[in-house]
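Structures for review follow.
Presented sequentially are two complexes of subunit A, the first with subunit B as partner and the second with subunit C.
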Partner chain A sequence: MMYPHRRLLPRLLAIAAPVGLPHATAWAAGVHDAVSSVDVFRSIGIVAAAAGILLLVLVQYVFRKRLVHGVYHRLLLVGVFLLPLAATWSTTTTVMEGTKSVQACMSCHVMHPFVIDMTNASSPTLAARHYRNNWIAKDQCYACHVTYGVTGTMAGKRDGFRHWLHYVTNTYPDPIQYVGSYANSNCLSCHQGTGKWERVKSHQALVGELSTDRIACISCHGPPHPLPKERTMAASK
Partner chain B sequence: MPHIPDDPNELTRRELIRLLGASAGLLCLSPLAGCGNLWERQPVIPVDSWHKGVCRFCGTGCGVMIGLKGNKIADVKGDDEAHNRGRLCVKGLATRDILYSEGRALYPMIRKNGELQRASWDEALTLVAQRFQEAIEAHGPDSVAYYGSGQLYTQESYTANKLFKAGIGTNNVDGNPRLCMASAASGYVTTFGKDEPPGCYEDMDHAECFFITGSNTLECHPILWERVRDRKRSRPATKIILVDPRKTFTVRHADLHLPILPGTDVSLYNAMIHVFLEQNFIDRDMVEHYLSFQDGERTRTFDEFKGHIAKYTPEAAARTCGITPRDIREAAFLFASSNATMSLWTMGLNQQVEGTASNRLVSAMHLLTGQFGRPGATPFSLTGQPNACGGVRDTGSLAHALPNGRLVANPKHRKEMEDLWKVPGGRISPKPGYHTVALFDAMNRGAVKCCLVMCTNPGQTLPNVTAYRQGMEKTFLVVADAFYPTETTKFADVVLPAALWVEKEGVTGNAERRYHLYPKLVDPPGEAKSDLDILVELADRLGHGNLISARTPKDVWDEWRKISAHSKYNFEGITYERLQKERGLLWPCPTETHPGTKRRYVPGQDPMATGVGRFDFYGKPDGRATVWLDHQEEPLDPYTAEFPLIFNTGRILEHWHTMTITGPAPTLRTIHPDYLEIHPYDARQLKIEDGDPVIVKSRRGEVELRARLTDIVRPGMVFATMHSARHLVNQATHDAHDPFSKQPAFKRCAVAVRRKTA
Partner chain C sequence: MQTEKSKAPHQTSAWVTKQLTLAVDCAIVGLTCVLLFLWYGFGAWTMGLGTFVGIPLLLLAVLLYISAVVTDLKTRGAL
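On to the complex of A and B.
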């Protein structure tokens, strides 16, 4: 036990990694407007993958004979397991972060009527008004559907998986319908507490119903997107 | 060689894999096994089945989807397929709870020794029939009356009207639409010859200028207001002109606000027409081919009309209305120069002594400028109740009227209805019945001995209500309502518990001539019955069972739609099957394949318009719509040093009428409407602070409210809502009414306000 810190450091790292990585991810996801989170994660992934390959090559073919047995094994562990893990984490996160963009949503034709409406300067839908008035600066789809990002909920992942399954098996209804109750917290996080919101007596009376999603904000202020019938009509034009 | 475990409880690898496979399979099937939430988002409120219906409240008639869980309503949401595109206001959302509120009337009651005591249906109805029969025998059929509601289903109002007019033989059939839309009806009838708006909601999607007058649309018709706003959002150049004495929430979105003094509408519209003439905005083709001019009984020429308008200069009108001439000119310019102007109005226009004149002048502005009969160009009245249009106005359940625009005073119309109802000639009395104010006055005088009140609360809503309460006390008053107690049941001799909303089935007609169906989804509480059942049983006991042969909602509807085929209101094509399938249909709709009519009087669109020109005003013998020469009258209840302020009444978003339904609703009950809006300028002079208890005193009575200092009202005017039973604003209001429509002037009377001293 001459160098206790040599054992402590990897252990600390092992404990910190599972906790730290999601936090780092969450931080990076909102770090800076100029550098997108996708770029950050992509870079981390590339660096980790390159570093892993380089490390393995160096350890196996260049430094092998000069390394004591224990160090060799540990470096192999880093190259074969830890760095690829980081690379996998980063690529997954890159994909998840990448899907936050409007372009990503637009890549699936089911979403076309929604994005076309949102970017239509004369559409009266909630989505279009938030978009054209620049109330949301970027990732406009994600801003109101926050469950699917890397920091989103398990339910969001489940929904994404289900949507994907329906999509690839072509078993979705057309036009698609929203299922379940929409989380008002997406609206309230920006609107609740503003003077304009507080002035409306109905809002005060409904605080309990709104916070539990028993009444949807969009009941009065919707529809957020073209209605199913209107989407079909737009598509057939 | 596989490892064979020594312990039989230990799993082999193969068993483990099988087990995992089976678990994964079960997980995939979990949605079928009721574990749907593992697979898909679930609604917060679980629901077994969804049913299409219509909101209980205002005349917008929003489509709703009603979610049932077991035999209870669990959730209500807007119907995406209906005209409201899935939207509902806070009142509409409250329909989820209204059936289960406290204060529902559960069993019949009879007043014994001054107390209302529980009775059986048989006992109550037998007593009602006996008292009605006695009165009819001793004092003639005109000693009994029916006072109905724009909230009853069409089948119910139709049946009541038929029972009283063709059965009992009295035209004493009136109802709360007299307080609400009578001036709109008489405005349309005098202009077009037929009641009900020429346009529809869809016009809001095409209008380029909205002229909103006497309507706080944002609060009173919020879902239609969203549609107006959507138009402005899609086309920001769309102009919104607001005529309202108050700076309401609606006004905040207006491009131009004309805060006229209550009761000066006629001056304003005449002055706008003055500007149309001055600026050459008159559609000459309309004047030459489609319009006639009339002053009282006398026909006038266009030149005479111009002479009449000459004195209503914007400068003169501005003085009367308390606004600037420039605003009048700008409003007139925006109105006439837009590609399509749509006017919207409601109680502000209707509830005044010159309600009819104001209504027909708004229509005249459209006709004179040619802003008519095209998408987005139309006059359009908004309605306060879900079935004032279809149920009361179209069925003619009013003292002067007979079904489909017929009049009691017209012998030909009486004969037609006697034939259609298969009753002997002469059964329908030639004498028009008592309109609302006259009816309650007749109760005061003792001329009306018995009155059946259904689904309305005149004990609170009548103008100058104190004066009429003694009459209600004297009369044998039968009150059928879903709620107990109300201000009216205080005077009831018999209370009959009624079913509410989807506890019964029926059809209503909303503000845009759309008939739509309310399904029966749940049973009424206690012993409550549908109003139709009550009327049918009463008819049997009065010996008119043969006349009231249609006894189910479907049978009554079929009888009624077939009768409509003998008129220009023809909706024979709106069958029950279509109502069940579709989100309502706009009449005229003469055949089962007709899609309904968006714009009336337009040949090619309106199946009743058989002419070949731009328009066919088939309601008038000469095919021309009438422009009336109306004069601004002096206010009836003048303000003096003793009563220096104008008192105006109205509504708020969260409550409806007398709050019998919205008051107990859990989402609305925390919102109190018991305040008096007063401008800080007046408050300072009267030494009133915000929140002070104040007494509003008129020549008729007093009402106590809490002062709310606000610049929503202009100096010299105070405002209170008509909702609360705790403070009856109608103790102060005036019972003066429009000479044509007989609609009372709730929007204007003179008052004094003082701080209440402890």
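On to the complex of A and C.
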């Protein structure tokens, strides 16, 4: 005898889960108004991870002796191979996309003064002016702090990992200091070639120096962020 | 007699069983780490746990599973 409703319920759940879970994960993250691609990737990962844990615990520790050899191995194929691969893909994509957000940068408290300054409507810093005038629509930190291109993005992830390691091992100076040099290509990729940029005579005169980083854009247009002393003062208030 | 015959081809070696058990345990721990990160979102510790502990454990589980399957197939003469 057939029981169509027994098949219908899992199918309905399979359809409803991808629709409902992004909202649930967005709610868990404290974002109620919009569902982004990161939420969708997260939802897929949550479903895969939860299903994998449940399946493996049941197969290995509850029903192991009752399962015939073939069924056991097929279930392991799903639980140890397919679902972990799905969870790995989802987590990697979530990290690669999610670390671009300002909220991800804010998750380490040393970045709070930078974000507070950036969102401050009266701050004169370059970051605040970009934010205030909506010159960068989203992912404002990432837009200026990653050299464009595939290798640049990987360099950004490498630096992110280094920063994370310093943070969790508490091996960083406070207030933090920027080491290295800031590539003008981050600025020029948006500004160079625009009418406003072209009209400035000094840009034309220094185009060679700017493109080879011999003169930094921020030497005229800075400071990009509050200075270490200002950040210490802001934190002590 | 028939039962013994049907059971005979399904005997797995202790080494394969060990690998599968280890793969399952690694997968359960890895999936738990990943689930914690995905559910709680970006935090210094949850991200570290999910990406630097969870994902390597999941990859180890997959490798152990592949190794167990290959060993099992070789034992049975299928490879």
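We adopt the following convention: the second predicted complex is superposed on the first by the 143 of 237 C-alpha atoms of A that agree within 3 Å, B and C clash if a C-alpha of one lies under 4 Å from a C-alpha of the other, contacts with A are read in each partner's own complex, and residues count from 1 in each chain.
Basically, a residue touches a chain if its C-beta (ideal position, glycine included) is under 8 Å from a C-beta of that chain, and two chains touch if they have at least 3 such contacts.
Note that the coordinates shown come from a computational prediction; the quantities given were computed from them, not determined experimentally.
Shared-chain residue A:A155: touches subunit B; no touch with subunit C. Taking subunit A as the reference, the larger set of touched residues comes from C, when subunit B and subunit C are compared. Using the contact criterion defined above for the overlaid structures, shared-chain residue A:S107 touches subunit C, although it does not reach subunit B. Legend: residue contacts after superposition of the two complexes on their common chain; A:V95 is shown touching subunit C, with no touch to subunit B.
Looking at the shared chain after the overlay, A:N184 reaches neither subunit B nor subunit C. In the superposed pair of complexes, A:Y167 makes contact with subunit C only, with no contact to subunit B. In the superposition on chain A, A:E209 makes contact with subunit B only, while subunit C stays out of contact range. In the superposed model, A:S37 makes contact with neither subunit B nor subunit C. Put simply, subunit A touches subunit B in their complex at residues 122-124, 129, 155, 158-159, 162, 179-181, 201-202, 204-206, 209, 212-216, 218-223, 227-229. Within the complex formed with subunit C, the residues of subunit A that make contact are 25, 28-29, 42, 45-46, 48-50, 52-53, 56-57, 59-60, 69-70, 76, 79-81, 83-85, 87-88, 90-92, 94-95, 98-99, 101, 103-104, 107-108, 164, 167-168. If you check the complex, the residues on subunit C that touch subunit A are 10, 12, 20-21, 23-24, 27-28, 30-32, 34-35, 37-45, 47-48, 50-51, 54-55, 58-59, 61-62, 64-66. Subunit B contributes residues 38-45, 77-78, 80-81, 85-90, 93, 222, 226, 229-231, 233-235, 652-654, 667-668, 670-671 to its touches with subunit A in the complex.
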